[in-house]
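Just so it is clear, A, B, C and D label the chains in written order, and each chain counts residues from 1 on its own.
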Amino acid sequence: MLPVQHRHETWVFRGLLTIFVFFLLMPILWMLSTSFKAPEEVFLKVPTIIPEEPTLRNYMRALTETRILTYLYNGLIVSMTNAALTTVLAALAAYGFAKFRFKGRKSLMFLMISAQMFPYAVLLISLYPFMQRTGLFDTRSGLILAYLVFAMPASIYILFSYIVNLPDELIEAARMDGADEWLILRELILPLLTPGLITVFLYSFMWSWNDLLYSLTLISSETKRTVGPGLLLTFLGEMEQDWGAAMAGSVIVSLPIILAFTFLQRFFVQGLTAGAVK
Amino acid sequence: MALTLPALCLFVLFIFYPFLRSFGLAFFESTLFNPDPVWVGLQNFHDLIQDPTFHRTWTTTLIYVLVTTLLTVMLGFFWALILNQAFTGRTIVRTVTILPWILPSTVTAFLWAWIFNGQFGLLNAVLKGAGVIDQAIIWLATPSGAFVAVVIAKVWLSTPVAMSFILAGLQSVSSEEVDAAMMDGCGAGSIIRHVIVPHIFPTLVIVFVLQAMANLQQIDTILAMTRGGPARATTVLSIEVYQKAFQEWNMGLASAIGVAWFFTIAIPAAVYLHSVFKRV
Amino acid sequence: MFKKVIFLLSTTAAYVALQGATAQDASFVGWAYSEAAGKAFIEREVDEIDDVSVELIGFPWNQMVQNMILRHRSGESTEAIQIQERWMPMLVGLGALQDLNEIYGADALAATVDPGLLAMGQFDGKQYALPWTAGSIALVANGAVLETAGISEAPATMDDFRAALEKIKEAVPDSVPFGLSTANPNLIQVESQIIFWQFGARFFEDGNVSIDTPEAREALEFIVGLVDDGLVAKGNDRNATRALYAQNLVGFYFDPPVARGIARKQSGQGEAFDVNVYPVPTPSTGNGEPPRSVIWAHLLGIMSTGSPDLDAGKKVVGHFALNAETQVAYWNELGLFPTTKEALAQIKTDNYVTDWIELAGTARLDEPASFENSAELRKIIGEEIEAAMLGAKSANDAISAMAKRLEKAM
Amino acid sequence: MARVEIKNVTKSFGATEVLKGLDIDISHGEFVALLGASGCGKSTLLRCIAGLEDLGGGDIRFGNKSVINIAPSKRGAAMVFQSYALYPHKTVAENMGFALRIDGTPKPEIERKVGEAAKILGITPLLNKRPRQLSGGQRQRVAIGRAIVRAPEVFLFDEPLSNLDAELRARMRVELTRLHRRLDATMIYVTHDQVEAMTMADRIVVMEGGHIQQIGTPDDVYARPANIYVAQFIGTPKMNVFKLSSYLHLQKQLPSAVANGGIPHTIGIRPEDIREDASGALKIGATLELSESLGRERLYHGSTVAGDELTIASHKEMSLQVGQPTTVSFNRGQVHMFDEKGIRLDF
């Protein structure tokens, strides 16, 4: 959109473009290249960008000697269920807030949305004994419920702004056609809300997939550990110097989310920004 | 009303109740050996105010949040401007730029810890190659080096998000305004200053506030990269609360730090919530 | 149809009950299992314990304390737990450990393990844990490096030590003459403490802080001097040092007896590397202090939290801590000193062992260990020393800040 | 089809009273337009009839049955919204058949009815398209189709043509009138455009500030406006209105009192009833400032000797010189007289 007339401006533009792409992609490429290097090549004074003799040793080591796959499996289960739960709860709450004028609506909504600013680590201090008393400690379902704090407030707001922007006349037309509230929700609101729902699903999936703090504290047995703490505890201590295996583990853990994103990319960014910026 | 009930119940149980209890705990003493809280009133806060290491943590947090947020928003803004221009392969670049944000934060931490590694890191190699430095800097072992590493990791992680928000904001800049400015003979620079920035300034504020809140909550990358070290150089409030609570098991003091932290987040959050509720 | 179901149910119930009666299950929590060397050994040994199916749970060393307390507070039962000597006071204070005298009988224990070693697990008359392996964290020298630097015998005084380090620096340019830990406050505290003791400084004297002394400042200045002159590497922790030691790039470093076992593996030369690895007395400063080192031991206990299967616990702990055969195998494979009298007698022929035991005589228990908030005290000491090492503070300021922070935390 | 009765209907939003006691009796098959400026309460009244708003007071009866407690969909009324309100994610056929599907009408019957309605509106080729693929006019027809399919007793239109361009609006007016005759249905049509009301409605209800100013046929409201408000609302350009006190010579030529005792206070003459010369019985001195040509009609704007604004509309080629004082005239038969409260006086 900006005018790019003179020669030097095109050069400046192209220069900036390459610098940015380099800054964003280089770390990922470096991770990939290190993950294929044998230990001797990893610990070279002058590092090689493209591995001279690539080997799958690191991947084999990460897959067999560590529990990366269990962490991946746990991470996926916890994140998917949390995302689904958050999406359903947020959709119901947002619809309730948007379409029904009940007493205390505004203050309740303010409270739920402002939860975004509660410091998570402080919440954990009380969540931890609470989980123990309720037997939810060291359980995946406990973690799923604890993760609600991350995404639900924002999700309610994103869906709320989606629903509020649905023209009232649509709902009145449906009422004229004889649809009751549930039918309106199912046949009209939810289908129109799908882009928002996908955004919120991805947003909450992202937050739980990315977490390190809550899972590190609320899960103590190895078999239930998720991605963050799994990686940290595997590549801390004795294996800390084995950067090849650490990078291989990181690649394995990042693959599912990267694949998911290449398909759902369109929904996610546009939905997130539409919701928040509106 | 009934529709909001399920979300409300879980909210109260898992968010509101712990939040209140944590705040309450700040007025108690609860340690490893006698975990059941003992009332100590404002003793915890009293200790904090006089503790020089806490002041340092607080200043480190403020500097960390300001630097990271400013860098993220600026980089995000220029990156959005670039992506707003039409060029071949733009769609591929747009999809790829979201990558850093979707990687698990521990992976990002490992990534950058490896790049900043003293002996074999890529950064030292590049700097040495370019002749900027002659002797390897052990980044993560020096206070300022570790701070730089942690900031860059977070900036790298959150620039894509800032970029997408700003890019969305850019779409609402009507092309007529730009054409008009072009007719008046403005070059790219002045168009940015006079047309684009004033137009998306509200978006920039929102993005700045959101990023500030996210950076204040930030713990994962620091915990995985430097664990608050070396010599507390990267100990931000979140790390301090975590270590006090779950390594020294001093829950009372940890909650007190949490209260101080809450009021630091409350400032940017108030701006955000105000703008959110202007529209409800 | 109904009858068939009943029949099916009863048989499975019987089978389970039968099975259940014999195979108790026990969970064995420790960090040895999370390190490659220990993992193979423990997995093999655990299968040999008849009729106990053991779930092995491993955490890296610096995550052990947090997870132990998490399991204690969440009421999870742990039949066997690996404990570092300095965590004992905390666990005993929490009432988290079972009195093993009631399980094995005090005199049976006294017969198998030397009373001096047993003492490490004893608190006001109760045996809360059995020593699995013991020794001290002392100065380990690398014979090959010393040779190339032309150093023939162990430096007696701190000045000789410094001179030796400088010689090593010249002889092996990109080496780390003294592999003192300079990253991770906990490691810094334990290792630097030895030098402080050698200079005659003490952190605590009968319950109150006693570090604000000239000797302490002198000790810290000495350490900072070594760092500034490049004789000690910044951002180094023990894992990194062990890797470099095995490549003959480290002259001296602090390590428990496990040093030889690890060096064998990491150097890839196995026992051929043994000739380079030997403990040396910490050089003195001429103030009459004997060569100091930190008591170091891994103990095995049974946690009293939750409802542990005491019998299963007894078998697992006994297999590793009391069975001479397992102890010797542990020594041969990992180079970790045994603790039972019988096993010790068998390996006495190796002078690596005799030298180390002699040094361990004047070892002291880690100072912060005996306090309730030891984690906090350890962190303060480590952080202030680290700040001085990195030049963020002068040695003098670091000591006064440390004293003030320790007093407030008492 | 059914008779619709509005009986003393009142409605207020919070403190502001929007409908202040309205009474309208719409007979079966009639096309009634609710005409008024925006904010006069016409849409609110329509939504009350549809059941989308509850009444403050009074009653609404379809046939002779009160409907105020019956759900919108059960009243037998169908509504066409200003913004069409089509379901974006459903095809045209699904949009039209949605109500029937909810009532549980069997599928083949739905298809038959939808096909029929589509034929009437000529939108059969669009049946499996999505609303966003249609033009404004097409969407409007689908919205109407959705109403027709339900074969309601009463059609309710909420300014359906306001989003269309002028040319399309004219065509749709003709189609709606033809539809009304073909379906022989009672239609209540809300608009702020007097041309739509005048051309389509059997009767017009002129509303202002929540009151009914006048109910009458297009001719009634045009030729016999009940008050100054209706007089100036209907007809473009606006009727000229003069205070009699400024024109003594006219006062003498007009009756000073009327049969029912009303005292004439203001008179009104439609611009098209004024002759540009002195040939009429009643004469006024005036100066014309500018003229506008609208093709088959020419408008003259100026002011009378007494300083009141004057507009004249004439079909013939004008000989009048703009800028010079002149005399214009009109006949007694074309004068409208109002008392000081603006109520019409017949003489």
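In this section, contacts are C-beta pairs under 8 Å (C-beta built on N, C-alpha and C of every residue); 3 or more make two chains touch, one makes a residue touch a chain.
Predicted, not measured: the structure shown is a model, and the values here were computed from it.
Asker: What chain is the most remote from subunit A, judged by the mean position of CA atoms in each chain?
Answerer: Following the centroid criterion, the farthest chain would be D.
Asker: May I ask which two chains are joined by the most contacting C-beta pairs?
Answerer: A-B
Asker: So which chain ends up closest to the centre of the protein, judged by Cα positions averaged per chain?
Answerer: So the chain sitting closest to the middle is A.
Asker: Could you grab the centroid distance between subunit A and subunit D? Build each centroid from C-alpha atoms only and quote it in angstrom.
Answerer: Inter-chain centre distance comes to 56 Å.
Asker: Indicate the whole-number Å distance between the mean C-alpha point of subunit B and the mean C-alpha point of subunit D.
Answerer: Between these chains, centre-to-centre, one finds 60 Å.
Asker: Would you kindly tell me how far, in whole Å, the mean C-alpha position of subunit B lies from that of subunit A?
Answerer: Going by mean C-alpha positions, subunit A sits 16 Å from subunit B.
Asker: Can you give the whole-Å distance between the Cα centres of subunit B and subunit C?
Answerer: Chain centroid spacing, subunit B to subunit C, equals 38 Å.
Asker: Quick check on subunit A: which residues sit in contact with 2+ other chains?
Answerer: 217
Asker: Scan subunit B for residues touching two or more other chains and write them down.
Answerer: Within subunit B, residues 246 contact more than one other chain.
Asker: What is the complete set of touching chain pairs?
Answerer: After working through each pair, the chains in contact turn out to be A-B, A-C, A-D, B-C.
Asker: Report the residues of subunit A in contact with subunit D in the complex, numbered from low to high.
Answerer: Residue list for subunit A touching subunit D: 167, 169-170, 172-179, 183, 187-188, 191-192.
Asker: Please give the residue numbers of subunit A that touch subunit C in the complex, ascending.
Answerer: Going through subunit A, the ones touching subunit C are 65, 129, 132, 137-138, 217, 220-222, 233, 236-241.
Asker: Report the residues of subunit C in contact with subunit B in the complex, numbered from low to high.
Answerer: Answer in residue numbers: 65-66, 69, 73, 90, 93-94, 182-185, 233-236, 372-373, 375-376, 379, 383, 386-387, 390, 392, 401, 405, 408.
Asker: List the residues on subunit B that touch subunit A in their complex, please.
Answerer: 1-4, 6-8, 10-11, 13-19, 21-23, 25, 75, 78-79, 81-82, 84-85, 87, 93, 95-107, 110-112, 114-115, 117, 119-122, 125, 156, 159-160, 164-165, 167-170, 173, 175, 178, 182, 186-188, 191-192, 203, 206, 210, 213, 216-217, 219-220, 223-224, 237-238, 241-242, 245-246, 251, 254-255, 258-259, 261-262, 265-266, 269, 272-273, 276-277, 279-280
Asker: Quick check on the complex: what are the subunit C residues that touch subunit A?
Answerer: 31, 34-36, 57-63, 67, 70-71, 73-76, 237, 239-240, 243
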